[in-house]
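One chain, chain A, links the two complexes that follow: it is found with chain B in the first and with chain C in the second.
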Partner chain A sequence: MAKIIRRAPETAFVPQPDDDLIICRCEEVTKGDIRRVVHAGLSTTNEVKRWLRCGMGLCQGQTCQRNFQGIIARELGVSPADIGRITGRSPVRPATITTFAHEVTEQKEA
Partner chain B sequence: MSIETKSASVIIVGGGIVACATAYNLAKRGMNDVIVLEKAEIGNGGSCRNAGGVRQSARDVRELPLAMYAVGKIWPTLSDELGCDVEYVQKGNLRLGLTEAHRKTLEAHVAKSTRVGLEVEMIEGDDARAICPAMSEEVLCASWCPTDGHANPLKTTLAFYQRALQMGVTFVTGVTVTGLRKVRGRVRYVDTDDGTYEADQVLLCAGYESQGIAETVGVEIPVVPRRNEVLVTEMCPHLFDVMIGVAGGEFYGGQTEHGSFVMGGNNGLEAFCSEHHDRFSTDSITAPSIARGILKYFPALEGVKIIRTWAGYYDACADVVPVIDAIPEAPGLVCAFGFSGHGFGIAPATGLALSEILLDGASHTIDVSALTYDRFAAKG
Partner chain C sequence: MMRHDLIVIGAGPAGLSAAIEAARLGMDVAVFDENARPGGQLFKQIHKFFGSKEHHAKERGFRIGEDLLADAEKLGVAVHLNATVMGIYEGREVLVKHEDETVHAKADAIIIATGAAENMIPFTGWDKPGVIGAGAAQALMNLQGVMPGKRILMVGSGNVGLVVSFQLLQAGCEVAAVIDAAPRIGGYGVHAAKVARTGVPFYTRHTVVEALGKDRVEGAVIAEVDDHFQPIPGTEKTLDVDTICIAVGLSPMSQLADTAGCDLVLDRKRGGTVPVIDEYGETSVPNVYCAGDAAGIEEASTAMILGRISAIRAAEKAGFLGAAEFTARADEYAASLSKLRRGMFAPQNKGRTDMTETDEGYPLSKSLLAHGFLEPNEVSAFPCATVHEVGVHPVIECTQNIPCNPCQDACRFGCITVGDDIVKLPVIDETKRCTGCGMCVASCSGQAIFLVDEAYEPGYASVGIPYEFVPVPKAGARGHALNRAGAPICDAEVVSVKYTKAMDKTVLLTMKVPAEFASEARFYRD
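And then the complex of A and B:
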């Protein structure tokens, strides 16, 4: 992660005409929501995700992550690579608690 | 972005909830000449990886003053104070037992906590099921602490951060602290991969990585990393509000306001496995172990889908409570680490205590006198 110096915003938040655009469909997070929290000090992909829940829904960011990472980077005037990505995690697709619990038996049967 | 400064009255090493809550409390007292140095991002460590338990029951009595102060005086109004809903739910904690041996373990905890004034009691399985109906008939008994609860750790950590930022604290992320140095006997320089920073006082609260930094000025506190993992499910209809722990230790967790179940645990073998502590992916055997634990107590959750799992590390201290103390041998240095897997619930109180240690030389609101750095002794 690149070095970022964070201080209280010195200027007021400036709304944009397309701020109501939905970026994360699972959790219904808009472009304006994202721009607003970046203005308030959140500065990485994970921080924004953890605050707004974008990328935390059923698809786990597979649809929206690149878009919201891009919005944050543009607001900060840095490259998307500087602010990290959300981490891909197991399971790739949702699986029931029972499936997880039976991993040993399933292995034996195979 | 204004001119860069590398000196401040206070430098805080680590950007977790302890750092953010302390920075906030310092700023509230008018001290905002503070720089927080974080190697990755705010909440990179345990602070954004934990399950959100805000618990007094089953705590070591030495850290109970922090837990009771946090629950009694800070958590109930924290959302208002920080201007953000931290999703604090105070609906109690049930610690469940399946066997007579579990009952004994729970009774011992209850006896110790009651002696120091915590409202906690033993109840039978049916009483526990009345509080949390989704539970298995196998549950024999439980300890019940009605004033315990849970909150959203992501919201809480980032809310403390944003308030401290608004109040004038500077945060620098993406900078790794490599060591401390003394000048004329006092800790003054903080060496980093971004050059040297300088401060009158340094607060070291970098989780399990603190020990390596403390060593550079000759301070050794027995803390090691200990892995713990969490799984989160899809959103489900509301089932219960209580926080759940189990005497057998298979899992702990609860249901969030959003509807997901957040359940954590370990597989019991972590201490004996080779590890890379920069690896936050999950072990193949841990989530299944947690899942079997959950089904033992909550068979009704069998069809619920897990959507994500992750790992984090406890800063495990030799006697499972943290060091929260100024170090006389290294004047200017205050240490706060070794939270041993339960530092989130007490963090709002820890932040207050640390702000007093830094500004007034001692914590006078909350008694942290049992959490000294020099309490460890060799066995022989």
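And then the complex of A and C:
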């Protein structure tokens, strides 16, 4: 993975008219939420995800990651490639605990 | 723990092709797909595909899927459905969620063929019901038989946006407009032209700024954008629509490669974050491969070949294929692939705006790129579109270099030639007699071939068009002929409706129009 470049925004937080635009639908995180935490010091996709939960809902970032990554990068004046992405971890899809409890350990098929 | 020679994740064109190839070489293969039905994207594709015969051209996507599945079944490939791979662990072990159980499986090699997910763009009101992805629209129409809405705004003019717009029209929806923020239409001209001639307007350099409505979409506001893709205040237009369909590209699904520990890279030309791979699709983790859209957004036709290439590599490494045979096959597949990766829409030409001529040196239509249709003066630059033989003859309005040649195979009489380089424009041999059989019209994946007889009756010409809407007008019906821009230009009478099974659901509808409209009338409406 490309190296993450740590940066801070060069200007103070200035409200924008579309700050209440929802970016992550699953967790209802807005553009303003994301911009504000970047100004509070967060500078990677993973950090913003952990703080705000964007990308942690049903879609697991499939829909929103590209967009909120873009917002962080723009705020910092860097390329999206420089701020990393959500680490792909098992389970890559949401699953209930019941499913994990029903673990098949014996070989069913011949 | 289930053990196999090869595990394939994803039963789309890439995964199924990989599984078939590996099974033919004697490998024990298991395929897992999270969907309830196999085929990946193919099962939603009801249109005829491009390419040449070896790439299943002119077959409809879902048929290609059915064929692949039949082959896989014949070879005894185990295709597990409703089986989501949740992660790939060390030693090529996968964790699979099947119904409400988790199962472990292990193999000597893994091919990740998980495809891609649709991109979304946020705008005011985008989270309202009625804003949907193009993929969802397709699934509703073509799998569930449900109309996604009555009046639709299509956002995005790549092939997906164009194909889905046409399918929406076929399903009986109105398409209010197709818009794109880029200055030119992103998909094939022939796909755009078949939408434009039904009267759908295209707005390039436009974006959607707001979805209107209280609890669901009741309208859309679009606006022109500047060179930085920012809406220009004062250029807003309100469209009366109940559905906004988003087709702004796809992102490869690379999470599983990430769980396997593969090196990933953000590569815009491949559509997003993708594993670093070699020429056989092998990732930085030995014996873990990635093929198809998951490795870079392309086409089903290329995905099928990429799947096979990864499969033969895995087979060779595991001793199921000798080195010489492997090299021979790898070369053959590479050649097949390079036939497809040519022309103005090839991956290496993505985003290029400096092309002004075809390979043959004909000026590219600017109107086709901006509005989706050729202007009459632009048509005249193309010999295949301006044939004036005596009697009925084909007129081919295929004016961009795309990898495609079914028109050539369709004509038993040798009227049409594309040649070995399948991105070349078709050439009509005027010395060969056209019988008017209509096979070229029905076989053309771009619906770009018309049969014209300028002297059908004194003062009248006949124009045969590909027709894929229901109900099909009956011979004797009277209505209007529309021009390439979809504007009614004259009265028209349907004089014949021809259909045979070999035409595979594309009807040849022939209409009689005043002779002066022979080279303008391109669609019929009651």
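Worth a mention:
To be clear about the criterion, the second predicted complex is superposed on the first by the 92 of 110 C-alpha atoms of A that agree within 3 Å, B and C clash if a C-alpha of one lies under 4 Å from a C-alpha of the other, contacts with A are read in each partner's own complex, and residues count from 1 in each chain.
Assume contacts are C-beta pairs under 8 Å (C-beta built on N, C-alpha and C of every residue); 3 or more make two chains touch, one makes a residue touch a chain.
From a predicted model like this one, the values you see are computed outputs, not experimental measurements.
With both structures placed on the common chain, the touch criterion links A:4 to chain B but leaves chain C unconnected.
Of the two partner chains placed by superposition, only chain B is touched by A:44; chain C is not. Judged by the touch definition given at the top, the superposed model places A:60 against both chain B and chain C. After overlaying the two complexes on the shared chain, residue contacts for A:81 are found with chain C alone; chain B is out of touch. In the superposition on chain A, A:96 contacts both chain B and chain C. Overlap of the chain B and chain C interfaces on chain A comprises residues 1-2, 60, 87, 89-91, 95-96, 98, 100, 102-104. Contacts from chain C toward chain A in the complex involve residues 1-2, 34, 84-89, 95, 97, 100-104, 117-124, 126-127, 251, 253-259, 263-266, 272-273.
The touching residues of chain A, when paired with chain C in their complex, are 1-2, 18, 21-23, 25, 31, 60, 62-64, 66-67, 80-81, 85, 87-93, 95-96, 98-100, 102-105, 107-109. Across the complex, chain B meets chain A through its residues 1-2, 4, 40-44, 48, 154-155, 158, 161-162, 165-168, 170-175, 194, 231, 233-234, 258, 280-282, 284, 287-288, 291-292, 294-295, 301-310. Within the complex formed with chain B, the chain A residues making contact are 1-8, 10, 40-44, 46-47, 50-51, 53, 58, 60, 84, 87, 89-91, 94-98, 100-104.
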